[in-house]
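Look at the two complexes coming up: chain A is in both, with chain B in one and chain C in the other.
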Partner chain A sequence: MNHHPDLTVGVIQGLGWLYLLLGVANAFWAARSLRRDGYFGQTFEKITGFEHIPKAFVWAGYSALLMMVAFAHLATHSDAADFMIRLPEWFKDSVDMVVANPISYFVFSMTLFILIVLLRNWWVEPTVAWSLLNLSVLFLCLSMTDYDFRQIVGKPDNVPIVAMLYLVAFFTWLYFYKCRENDARLEQGLQPAEKELGESVLVWPDLVYSEMICMLLIAAILILWGVALPAPLEEPASAVKTPNPSKAPWYFLGLQEMLVYFDPWMAGVVLPTVILGGLMAIPYIDFNKVGNGYYVFNKRKFAVITFLFGFLPLWVGMIVLGTFIRGPNWNMFGLYEYWDVHKLEVLNNVNLSDKFWLDFMHQPLPRPDSSAPFLTQLGVILQREWLGLVVIVGYFVAVPPLLALTVFRKFFARMGFLRFMVMANLFLFMFSLPLKMALRWSLNLKYIVAIPEFFFNI
Partner chain B sequence: MSSIIEYIRQSQIWRSVFRHPAPYDRRNRAVVVLTNFFLHLHPVSVKKGGIALSYTWCMGGVTFFLFLVEALTGVLLMFYYRPTLEWAFTDIRALRDVTTLGIMREIHRWGAHAMVITVWLHMYRVFLTGSYKPPREFNWVIGVLLLVLTLLLSFTGYLLPWDQLAIWAITVGSNMARATPFLGHEGPGFQLLNVGGYDLITNASDARFLLLGARTVGEETLNRFYIMHCVAIPIVVSLLIAIHFWRVRKDGGISQPL
Partner chain C sequence: MADKKLTTEEILALARKQKAGGGAETPPAEAPSSEAAPESPAPAPAPKPAGNAPKSTADILAAARAQATAKSAPAEESKASPVAPKSTADILAAARSQGATKPAGGAAPKSTADILAAARAAGGAAASLKPKAAAESAPAAKAPAAAPAGLGVKDMVAAVKQAQQGGAPPKLPAKPVAPKLPAKQAVPRRGILATLAAITISPFTLGWTSLGGVLGLWGLAMARFLMPNMVRELPSKFTVGSPSDYPPGTVSEKYTASRGIWIVNTDQYNGKPLLYALASVCTHLGCTPSWLAGEQKFKCPCHGSGFYITGINFEGPAPRPLERVGLSVAPSGLLEVDKSVKFQEELGQWSDGKSFVEVG
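Presenting the complex of A and B:
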C-alpha cells in the first residue's frame, strides 16, 4: 500500500545541492591527500601495472562521481517517481528491523559505544574519520529519498537534533584525536601538548578578535537558518484534541523514554534529580588529580568512560530514540516505516509480586481489606511485596559494601566512606535504567515493587 | 581616509568615550581591556593554549552570545506578543504573515535550540579537559545550575506560541510534577500530608498546580510561563552567568596544564 506521494522534484534538487557540497568537500580532501598520503605500494603496482599512483586519485575519483550524481539530481525535471538514485528496499528493511525494537536498538547503541572507545586510535585517524563522515552523509542523503524518513527527520524542530548529532560526533572525535597524542606523550613522561602553548598573549587582539569572528559566524548561521527554515506553528491549541504521539520538547525525550520503564515519580522526578545531583557531585567524588587542563584518556579512563556512557548511549541515544523512532502510542517504528496509528504491540507485563505469589507459591496475592485500619492494610501490602522490597533495599544497601570489598577496593581506600557511598549510589541509579530495561525484555517484568495504593511503584 | 579616522580618534568625544588612545601599542592594548566595561570581563593577557579554539571549542562563549541573541530577539518578540488565550496564537501567526522582516521568531527559536546544544557541548569539553577539578569545583556546580535554567528557559518558551505542539509538549512535561513524592497528588506518600482526614495535597494544591497555576495547561499557565520565561529565569541566569565568569577569573583563568 502506498501511503504517500513519493519523491518530488524539489527534494531531488535539494539533494543535488547536498551532493554537490559533498563533492566539493571531497575535492579539497583529495588535494589534502595529495600532499600527505603518498603513493600506492608495490602490491597495487603489481596487480594493476600502474606505477607511482597517488592515493589521492581515489578521493579525486570519488569526488568526481559525487559531482556527477549531483548533476544528475540537479538536471531532473522529468517524472520524480522514476528517479533511480535512492535507497534499496532491502537496506531499509534491515535498518528498520534493527531500529524498531528496543532490544536490538539498545544492543546496537551499546555496541557502537564500545567500539567508539575500543577502536579510538583507529577511527580518529583523519582518513578513517573522513570516510565515516562521508558514509553518514551519504546515508542521510539517500535516506531523504524515503518519504517516511523525510517526514520525521525533516521536521523543522528535528533539524537541530541532526545538527547536534554531527556536533557531538565531531567533538568526540576531536577529544580522542587529542588524547591519542597526549596519551603517548604522558606514556613517555612528557608534558601534554597543551603545555607547549603556555606563553602569554594579550587579550587584545588575540582573544577579542577571535571572539568577534565567532560571533559574526554564529550570527550568520542563525540568520541563514532562520531564512531557510520557518519556525513551526501548528493548529491553535486545543485541550480536547490530543495528538498521538504527544512528545515533550526534544531535549527531554530521554526522560520521557524512561517513562516506559519507570513510573512518573521515578522517571520524571527522582531520576532527573539524581542526574543533576550526580553532575554537581562529580568534582567532589573524582579524586584523580591527573588530567586537569588538558585532554587525556588513559589516565582518567574510569571517569571518562562513565561520563561518555551517560552522555552518548543513554542521553543522546535516548533522545534519538524518542525523536525519530517513537511513534503513535509510543510504539517503536523503523526510520523508513509509516507511522501507523493502528500498529499493535502486545504488552502483558507482570509484577514481581505476581510472579512470586501466582507462579511460585501458587496462591492468590494477599489483598488488603480497604475497610481495615491503615496499619493492617499496610501490613498486608508489605507481605505482598516483601520480595521486591528486599530486592530494592538489597540493591541500594548491600551492593555498595560489596563493591567496596571487591572491584572498587582501591577506590574505597582512597575516597573514604562518604565519597564512596555517594559515588556507589549514583552508579546504582545510573545502572537501574539498563537493568530495568533488561528485566522488562527478558522477564516482561513491570514493577519490582508494585504498591499502586500509595502510587509507589518501582 | 585614514587621516579622518585618526582625527575622529583624537577628538574629545572619542576620547571621552574610550578614555585612552587607540590600541596600537602594547600599553594601550592592555589599557583597552582594563578600562572598557565590556572587555574587562577578560584578563589583560592569557595563555595561548587557554584560548586555542581546539581547546575550549569556544562553546562557553557561543552559549553566552546565544543568550544575548535570545535576549535581543526576545525583546523584539515581546513588542508583538500578548500572553492571553485570545491573542497568543494569532500574534505569533501575524508575526509570520504580516510583520516585515518577521524573522526574529525564527532566530529566537533556532537560537534557543542551539543554546541547549552548545551548553551541553560546553559541559562536555569542561568535563573532558578535567576543568572541574580543584580549584574549579564550585564553578562546575554553578554551571550545572545554568544548564538546568537553560533547559527551563527553553521549556517555558515552548508554550508561548500556544499551538498544539506547545500545549501538548508542556502537558506531557508537566504531568511528571503530579507524581512528585509527597507533593504531587499522584505521588508516593502524599497521603501522609493530611490533617484531620483531609488531604493537603490535591490536584488543586500540589506541585503541578504550583507549576501550571491551574489543574490543566490553561491561561494561568500561559501567564505563569510568560513571566518565568521573560523575567524571572533570565534575571537569575544573568546573575549566575556573572558569577560564573567572575569565578572563571578568580579560579585562575581558563584551565591549563600545571
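Presenting the complex of A and C:
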C-alpha cells in the first residue's frame, strides 16, 4: 500500500551526501588497513590466483563502490519514483513482522543482548566493529528511502535518539574492547592496563583542558543542531485533547512502556524509586573488590551482565520501542508500516481474580457492597484478591531465601543476610517487568492484584 | 624573654591591631589611661625602672607613636596636619625622624632594623624618664585584663608567675594608650547621616539588600505564576440538547473537545436503552481516549487502554471503567450534564438514577 510518494529528489540527494561521507570514511579505513591488516593468506591466493594482495584492497574497493553509489544519488535530478537503489519489499515486510509484535521484539532485543555478551571478543575487533558500523549506516541509508521510516526516524524529535543509539553502541564497544585486553592481562597474571601503563593524568592542565575543549565542542554541536533541526512547535496544550500517539520525552519512554504493563502508581512511583535507590545501593551491595578503577569483565560477570540487562534491553530497548515503534493508540507499528489510526489489535486483558473466580471456580466475582461497613468491604476485597496477594507476597518473601539456597548460594555466604536481601529484592523488582510482560502476552493478564477501590493494582 | 627579630609583616600586623584597638576611635573609657595621658604625653610601655629594652614590638610601636606625637607637635608645627599616627607608614616615619635627631642614628636609617633600633632607643629613654607615670596608669589588678593584644601570652604568664613568687603586685607592662591627640578637632567626627551612609553602603549590607530584592521580585513572579492567564473553569452544569439528538447506539463527541464528555446512547450496559455521559479521562493516567467508531471502543493514545461503549475497561492497563458524570432531564425537557458529580462503576454507583437517563 503506497500512501505517499516514496521518494523525492531532495531525499535522494541528501542520501548521496551521506553515502559520500561513508565512502570517504572507508577510504581512510582502507589506508589504516594497508598499514595494519597485512596480506591475504595462501587459500586466497590459491582460489583467486592473485598473489601478495593486501587486505586493504577490499576496503578500497568498497569505498569506491560507495562513492559510485553516492554519485548515482547526487546525479539524480528527476523521476525520483523510478530510483532503483531502495530497500526491497520482502526485507521491509520481514522487519515489520519482527518489530511490530511485542513478543518478537523482546525476543529480538534479548537475543541481541545475549550475542553482545557472548561474542564480545569477536565483535570488538576493530575491523568487525567497523563493518557493523558500516552495516548500520547502510541500513539507515536504505531505510530512509521508505516514506514511513523517514517520517518517524527523520523527525527532529527523534534524531537525537538515533545519535544516542550510536553513542550507546560506541561506549558498549569501548567497554568490551578494554575488557578484552584486561581480561587477557589478568589471565596471564599481569596488572590491568590502566595500572601498569599509568594512564592517570594531571588534573591541570590535562583534564581541565580536555573538559574545556569538550564543553566548547558540545556547545558548538548544540548550536548547530538547534539551527539545523528546529524543535517542532505543536498546538497549544489542552486538557481535553491528547495527541495521538502521545509520547513522553524520549528519556521517559522506558517508563511509559512500563506504564503499559503496570498501574501508574507502580510504574510511575514505586519502580522509578526502586531503580534510583537500587543504582545508589550498588556500591554498598557490591562485595567484589575486583575491577575498581579499571575495565574488567570476566571477574565481575554477574554485576556487569545484570547492569547491562537492566540498561540495554530494558531501558534503551524500551526507549527505541517507544520512539520508533509505538504509534497511534499506542499500538506497535513496524518501522516501514503506515501509522494507521484504525489498526486493530484484539486484546482482552483480565485480572488474576477474574481468572480465578470466573474461569476456575465458575463463580461470579465477589463484589463488596458499597453500603456495608468498611471492614466488611475490605474482607470481601481480600477474599476476591487472595490469590494475587499470596503470589506477590510469595514473590518477594519466599523467592529470596530460595535463591540463597540455590543459584545465589555463594553470594549469600559472601554477602551476609542484609546485603543479600537488598540485592535479591532489587533483582526481583527488575525481573518483575519482564515477568509482567510475559504474563500479559501469554495470559492476557492485566493485574495480579486488582483493587481499583483503593487504587492499588499490581 | 629574648628580644626576637620580627619580620616586617609581623610589625605591620601588630601595628594594624594597635590601630584597630585605639588608633582612630576614641580611646576606650579607661580612667587610668585617660588620666595618665595629659600628664605624660609618652606613656611608657616598659614598667621596669632600670632602663631595659621594651619587650614586644607592640610596645616599641606604641612608644614610637607616642614619641612621634610628642615631638611632632612642638617641633614640626610647619607640617600641615599633625595628627595622630594612623598607619604604619606614619609610625615608621615618626620613628625615622626620631632616629634622625638622635646622634646614635647618625645617618638616615635605611632598614626596618634601623628604625626599630631608633624607636627602641627613644622608647627606652622615655621609659627611664617617666617610669612612675606608667606604673600609675596601669593598676596591677587590672593589668592582665587591660594588657594590650600585642602582648604575648608568654609575657603575661611570666608576669603572673613573677607576681605569685614575689607576692608583690606584678609589674606588668601598661597598656600602651593611644596618645591624647594634640589636635583633636583635626579629626572630623562623623555625623549621623554619614554614619548611616557608612552602614548602608557597606558591601555586606549591599549584598544582603540586593539578595533580598531579587528574592522579593522572585516571590512576586511566583505569585503571578500561581495565577496563570487562563480561562476559568466553565460552569459544571450545562445543557446538551434534547434526548432525541442522540440516536441509539451512538457516541456523541460533540462536547468532547469543549467539555470533556461523551454522550452515549446504548443498551449494552444492562439491556435497557440508556443515555449517559462519560468523562473523557482515561482511568489509567488521565489522557483523553478517542472514540473509534469502527471498532466500537474508546482507545487511549498514551498507553493503549481500551474501553467498550459502555465505558467498561477491557484492554491495556486501565484498572477501572471510565467514570460517568451526572445526567438528567431538566424541566425544560433538555438534557442537563452535571460534571460536579462522578459515578464509578467499581463502587456500584452506576445504578444511581442521577448517572443516566432512560430513553425510549
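Everything that follows uses one rule, which is that the second predicted complex is superposed on the first by the 440 of 458 C-alpha atoms of A that agree within 3 Å, B and C clash if a C-alpha of one lies under 4 Å from a C-alpha of the other, contacts with A are read in each partner's own complex, and residues count from 1 in each chain.
The definition used in the following text is that a contact is a pair of C-beta atoms (placed from the backbone, for glycine too) under 8 Å apart; a residue touches a chain by one contact, two chains touch by 3 or more.
Predicted model only: the values in this text are computed from it and were never measured.
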Partner chain(s) touched by A:P249 [first = chain B, second = chain C, both, neither]: first
Partner chain in contact with A:P328 - chain B first, chain C second, else both or neither: second
Which of chain B and chain C A:L112 touches, first, second, both or neither: neither
Which superposed partner A:L65 touches (first chain B, second chain C, both, neither): neither
Which of chain B and chain C A:Y294 touches, first, second, both or neither: first
More chain A residues in contact [chain B versus chain C]: B
Partner chain in contact with A:A184 - chain B first, chain C second, else both or neither: neither
First (chain B), second (chain C), both or neither touched by A:V240: second
Which superposed partner A:D263 touches (first chain B, second chain C, both, neither): both
Common interface positions of chain A, toward chain B and toward chain C: 238-239, 241-243, 246, 256, 263-264, 268, 455
In the complex with chain A, residue positions of chain B that touch it: 23, 26, 29-30, 32-33, 39, 42-55, 57-58, 61-62, 65-66, 69, 89, 92-93, 96, 103, 105-107, 109-111, 113-114, 116-117, 120-121, 124-125, 127-134, 136-138, 140-141, 144, 147-148, 151, 154-155, 158, 161-169, 171-173, 175-181, 184, 186-191, 216-218, 255-258
Of all residues in chain A, those that touch chain B in their complex: 157, 160, 163-164, 167-168, 171, 174-175, 178, 191-192, 194-208, 210-211, 214-215, 218-219, 222-223, 225-227, 229-239, 241-243, 246-249, 251-252, 255-256, 263-265, 267-270, 276, 279-280, 282-284, 286, 288-296, 300, 304, 307, 311, 451, 454-456
Complex interface listing, chain C residues touching chain A: 256-260, 280, 283-285, 287-290, 292, 294-295, 299-304, 306, 314-317, 319-320, 346-349
Contact set on chain A toward chain C in their complex: 238-246, 256, 259-264, 268, 328-331, 341-342, 344, 347-349, 367, 369-370, 446-447, 450, 452-453, 455, 457
